[in-house]
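The structures considered in this document are given below.
Same chain, two partners: chain A is paired with chain B first, then with chain C.
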Partner chain A sequence: MTDQVPAAENLSPTDEALSVLQNQFPNAVRRDDRDGYSGIVVDPARLVEVATYARDSLGYDYLSSATAVDYLGKGDHLEMVYHAYRTTGGAALVIKAQTDREAATLPSLTPVWPGANFQEREAYDLMGIRFEGHPNLKRILLWEGFHGHPLRKDWKEPYYEQEQKPFDSRWPNGRVVRSEEHNPYGKNVQYPDDFDLDGYTSPAEAAVYEEMNLGVDIRSDLATERMVVSLGPQHPSTHGVFRMVAQINGETIQQLEPVMGYLHRNHEQIGERNTFLQNMPFTDRLDYFCSLSNNLGYAIAVEQLMSLGARYQPPTYRAEVLRVLMAELTRIVNHMVAIGFLLNDLGAFFTPMMYAMIERELILDFFEAVTGSRMMCNYMRFGGTAMDLPERIRGEANLVNDRVRDFNTMEFLRELILERLPRAVDQINEYLTTSEIVTNRCIGVGVLPRADAIALSTAGPVLRASGVAYDVRRAEPYSIYPELEFDVVVRDHGDIYDRYLVRIEEMIESLKILRQILPKLEETQGQPFFAGRGGIYSPRVPAGESYGRVENPKGELGFYIVSDGGQNPWRYHVRAPSFINLTALERMSKGYKIADAVGILGSIDIVLGEVDR
Partner chain B sequence: MYGLGIWRGLRVTLKHFVNTYIEDVKWGFRRHIPAEAFPARQGLDARGVFTVEYPDEKLAVPERFRFIPFLVVENYDHPERPGHDWCTSCGICAKVCPPQCIWIVRGEDPETGRPVPEPEEFYIDIDICMNCGLCAEFCPFDAIKMDHDYELASYDRTTAHIFDKARLSKEFRYWQAIAPTRAAEEAEARGGWEHKDVLKAKAKAAKASE
Partner chain C sequence: MTDNGKDFLRELHDPEAPVPPELQSSVAVTSFGRLLSTVYNWGRRNSIWPMAFGLACCAIEMIATAASRFDQSRFGMEVIRASPRQADLMIISGTVTKKMVVPIVRLYNQMAEPKYVLAMGACAIGGGPFKEGYNVVSGIDKYLPVDVYVPGCPPTPQALLYGFIALQKKIDQQMLTNPNSVPWYGRGPSEAVPLPILGPDVIDPRQAHMLRRRAGAAGQEAAASPAAESDLEAEA
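After this line comes the complex of A and B, so read on.
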């Protein structure tokens, strides 16, 4: 970043970049002038050069999201969309490159932004774009024998019923049929022509081992053995169905490849069949520890689109207060659980976990009373929230042996935020932070240097533990964060211990925010929590694109949404922080002991609902 | 000093251990938590063991708790229309339902073929229902509500998990019992405890007799 162009004031990133890029690359760069779109469209032949220039001379060193859109029937091309940011903050430069649907090929940007690695593999897997120059282009979420590319608009899933919801068969003449009766398994599953299921061995599987020199290779000069170890997919330390294939020499990791997709359900395509509102409860199921902040990210993305249209009403102040309240409590829940599981991974089996769970349960009691569910909250709506706080947190005895609890909501909240949670954080601190077992296993292990953390597009605590003060709440503020006072937690060593400390300190910062939220909650009591008229289940979302992002506990969660003006999103993409943070797993693990791999994975804090989508 | 951190940690564990017994002594060593101790032992002041012994004790779920929806029908001892569906088969719930698990056959007058405001059939595939609550949120007649009964385990999903209208219907009084505050709020919004259409008909009749 030597000859950095000073960021011009009041100029959108697109204008600013265009003014420079059009001189540098005449005829290769143009403005994306479709209605509701922003950014630049780059000639694929010059894409790598333009991206390199944007990174080195314009300062867009952080690639947040890379995804593809299928414009079938709307120009019939595939489009790759890159959202690049400066780690110093500010809005995105959106770079797009288009390619033909039939022979879809684009140059890979992994050499420019290594963080594009998994995301390009995902685009290859689900959209069928070949990336030339990609170091390891193979499917990532689906298996190698899979037929077709499921995010393409002409792909139909098993049990396919209709292009878009709501389905016509449900009303007014909805005689119930189970989808599997209607469409028996196998009938709608396609295999490649020469496929023989019985004799099948996965080429990907073989490739994983081959690349790593399958087999034991005894070298005469050294008394160590090289071998390949497969951890997972069913293993308590992998936090779900996730697998790491590591090549070790003696005990030292030389190569490590994450294998994922076991929980893949084509979330994004489900999202494109759904209406805008119907996606809300589905976002709960991404990172199921943080459903409320997932909701918030999605609501923000759709509100951005809605704001392009007439008669848009932004969320009310009360709604924003409630949103931040929920998002920050979610952060505490998540970090509690993350720390508990990290300690599990380090061998402190379940005692710290249980202490963390107690506090989580209490917060979930509050969530349950407000939203109706402990984890699948489905609480945010476009323009506000679904409900206000109830007066009392109280259950009615209904089943046999039901025991009733009854608390005043505001008192409960006050005590929770002012006393219970600070005490719990202190307790964790006392319990773990100085424990020699924790420090010995964490300090100096799994180091991710600053430059790599940025290049590999890591986000959240992982990025901040490597010395990058990047927090979406500050870098590109949303909701009422600008008026709240809190610090962005940064640590410099980039090891497991720093990631642990960042989480502890972030809980303390969250509590600081929550203390400022409490008086706001009281001031706004009784004000509307929803802007506009309620009861609208199919809001009008104008055509265009939007990228809404929030600082989720695990990192930056982004939703890239394209609307064609209809009831359903044309494209619905989730930039999942856990998924992209895994890009850095190999870099973190190389050179450390195989026993540390588990702790390193724990310190990234992944959740498979979000990784596999 | 080496080992100090571990000692400090163990003290926390010890404290939890001892606290459990202190709490037990305080509440008289009963096997199950007595009802009056429940808010204390399962609330913000909880110190010791934090688990409940399901199914001998259960936490009553809050009013807004969402589980598989049920259909509100008039109380079975209602003077005018006992057991009458509140649902008018308008189809909104079937349209908003994200996994599309609601199936409705709109009621028709057998003679005229015109739609009548009561569903002929109403199904929810509870295997697919994601308990999101959108159907209850957007039903304009307060006719579909989220239930609190989460104990629905059964042996066979192919026969037992598609709930039909009979299985789904519950008296209005049940809704009043499980969610008194919500029910009262909704009644206020409707302008009375009766069904919207009944209230409308009453208002019309009152106007006509003036």
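After this line comes the complex of A and C, so read on.
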């Protein structure tokens, strides 16, 4: 379908799509002309038509992000924002639809882009927009029965102090009082005025099993029975507090529904109270294996917004080199651990994991020496990085054979990148790739066809293992990736084995990038790692919106940020790859055995901090 | 046993029945209860089986602690069990959300005694950076008794190991002869922690009377919560 797309290099995709769409749908489509905004605003009544046309005729076949914004006091409407891309690369077509705050209803776009499924449920859960035609519209992150829709601007959390940080109670006078002391229950709770506990039964659990035909159903003519099982949230193979409710017939999965929200810790709502820079450490805790590449995604999103204003200085070259160095090392950490976890799920309990953890520890030593923290690095800043590489890596806490570590940083990196990591990747490749455990349980299991992979908005290794050569580093390049030489790894079968192989090969590609980074690091030594004067604590972020995305190890990580020109983001949305990749879990698992579901989940490589946010 | 045999013997001495100094090298046991407790605790402290139970970021550092570099099996804790029935130690490794606190309390109730809880990281201790979030429980000790707190965000593996050692020291102090030292040495089964309910917000059944009282005095309640807010505003 993408062959018919007219090549329009000089026109921006929005301009081109806008003119086409305006001809096609007069009166229903208009340009979003607010300052700093882009895209088109579509009449809700014709939203499905316009989206179908954009997908089929304009080639925007990949819905990256769908999220809602509450413009309370700024027009008093709720706005749904869709970012659609072409899988051949290029910039986004941003489609918006507005609805009244009171009776918020929009047509569901799941028939057009099935990948909107969970994202629309999230918008319903947190913003209270009802989607007509959605197949399964119920709360996703919170539980059924929760009061209110917390991301609405007029909803206040129990510990509410002020709209925006810094709170007066903490700064400048700093008389901090424990929030519990203000709450009549001494806890982080609040109840609606008319709530009566007597005779109350919680609808939370029942809603999970809705439409699942709970119970056991044995038919005399069948040798097997149909039943509903719940895996998790405490289950050794669900990678954290994830839960799957599956309807199985015998051992075969007929229906599977991911249940999440057990780690929903309100990144977005807290992010909207925080100042822009205060969000940086919170991004560390999204995908906690890849804190550095999360930092990068957020920095890019805010820098995009800052670039609209005056006096913006882009990051220095040294900063970009450092960023890519960190992002690619993170990719290796993540893929190592992902493969270790996958093998755990496949039955090689913890032995490959131990090998993966050794390499992770070495890279973490480097992160700790540079950023000060093993996992939560908080390293990127708007316009550069927080600090440069140290001269030497040393630390008494990290004893190797009881010797105090003391290395020259560049020597340490050179050994790590040129010798240690290639050897480790080879070792994993050699022992696992042809192992019988891996091949028997992975080949031909959990197949996700190419068309479904695109339609369900999967990203990262899951998408590329299904034969789609889509990598944000190439499709919409950022940082210094255009001048680096590497291949986008693609595999065609879309099964667990291919997803595993994609990860192995991506590690090899990352090492290739890192080898090109090493000389750049030496060339740029001593150059500034921060644009401008450095130490900007309150960046000037002009009003507008931006969607910054990076190719995280787990897939495309996007940050949708709306600024009203103040010190805090008006809307801070995270397009989390793990969350959206889970949309495809049911499609992958249907028809396979319940034991395979565990391996399939492992091959998607989710991390709950990012799924639930 | 402890490295120094003499120290170990001295532990067995009952301070209420002191051994004369000239007999200290030959008389070991003056109290059967103390001997039994020491042997019990010795076995228990060196075979704490944690539950395979990861909540968030801290769980990754917990795995790193179990992996070869930090090697928690040095403390007899490498047997990580997936079932609460076989586990002695629950490491609350991450943010406790309102949705998750129900399964956590249920798992705690399912654990066989003696059982210990270690709150790992800022979130499990008091909500951490996510404390103000609407779905976050301000520390697991609002629901469960916690034995050891390990601060950090996340705590390094070294810190977690230090927490394990602290727990071992705590176990050393328990006495079979003192039914009040720990619940499981008392008479009869100990009470289960009531399961929270997911209502309009999470409900702790132990606070049900407060909710009822509030519903009963509908007018007063309206005055109570804005009052708290206006306090805040006054301070602000």
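Keep this in mind: the second predicted complex is superposed on the first by the 572 of 613 C-alpha atoms of A that agree within 3 Å, B and C clash if a C-alpha of one lies under 4 Å from a C-alpha of the other, contacts with A are read in each partner's own complex, and residues count from 1 in each chain.
Definition applied: a contact is a pair of C-beta atoms (placed from the backbone, for glycine too) under 8 Å apart; a residue touches a chain by one contact, two chains touch by 3 or more.
All values derive from a computational prediction rather than experimental measurement.
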Partner chain(s) touched by A:Thr67 [first = chain B, second = chain C, both, neither]: neither
First, second, both or neither for A:Thr524, with chain B first and chain C second: neither
Which superposed partner A:Met353 touches (first chain B, second chain C, both, neither): second
Partner chain in contact with A:Phe407 - chain B first, chain C second, else both or neither: first
Chain B versus chain C as contact partner of A:Pro281, first or second or both or neither: both
Touched partner set for A:His147, first chain B, second chain C, both or neither: second
Chain B versus chain C as contact partner of A:Asn378, first or second or both or neither: first
Partner chain in contact with A:Thr458 - chain B first, chain C second, else both or neither: neither
Partner chain(s) touched by A:Arg175 [first = chain B, second = chain C, both, neither]: both
Shared contact residues on chain A - chain B and chain C: 167, 169, 175, 281-282, 358, 361, 376, 397
Chain A to chain B touching residues, read off their complex: 165-167, 169-176, 178, 274-275, 277-282, 351, 355, 358, 361-362, 368-373, 376, 378, 386-387, 390-407, 412, 415-416, 419-420, 427, 430-439, 535, 537
Contact footprint of chain A on chain B as seen in their complex: 2-6, 8-9, 11-13, 16, 33, 35, 38-39, 42-44, 46, 50, 52, 55-66, 89, 91-92, 94-98, 100, 102-106, 115, 121, 123, 125, 130-134, 137-138, 140, 146, 148-149, 151, 158, 162, 177-181
Residue numbers on chain C that touch chain A, as the complex places them: 52-57, 59-61, 63-64, 67-69, 82, 84, 94-95, 97-100, 103, 107, 123, 127, 129-138, 142, 153-154, 156, 158, 197-204, 207-208, 210-212, 214-215, 218, 221-222, 224-225, 228-229, 231-232, 235-236
Parts of chain A lying in touch with chain C, wherever the complex brings them together: 141-143, 145-147, 150, 157-162, 167-169, 175, 177, 179-180, 182-193, 195-198, 200, 202, 204-205, 233-236, 240-241, 261-266, 269-270, 273, 281-282, 285, 288-289, 353-354, 357-358, 360-361, 374-376, 397, 608-609, 612
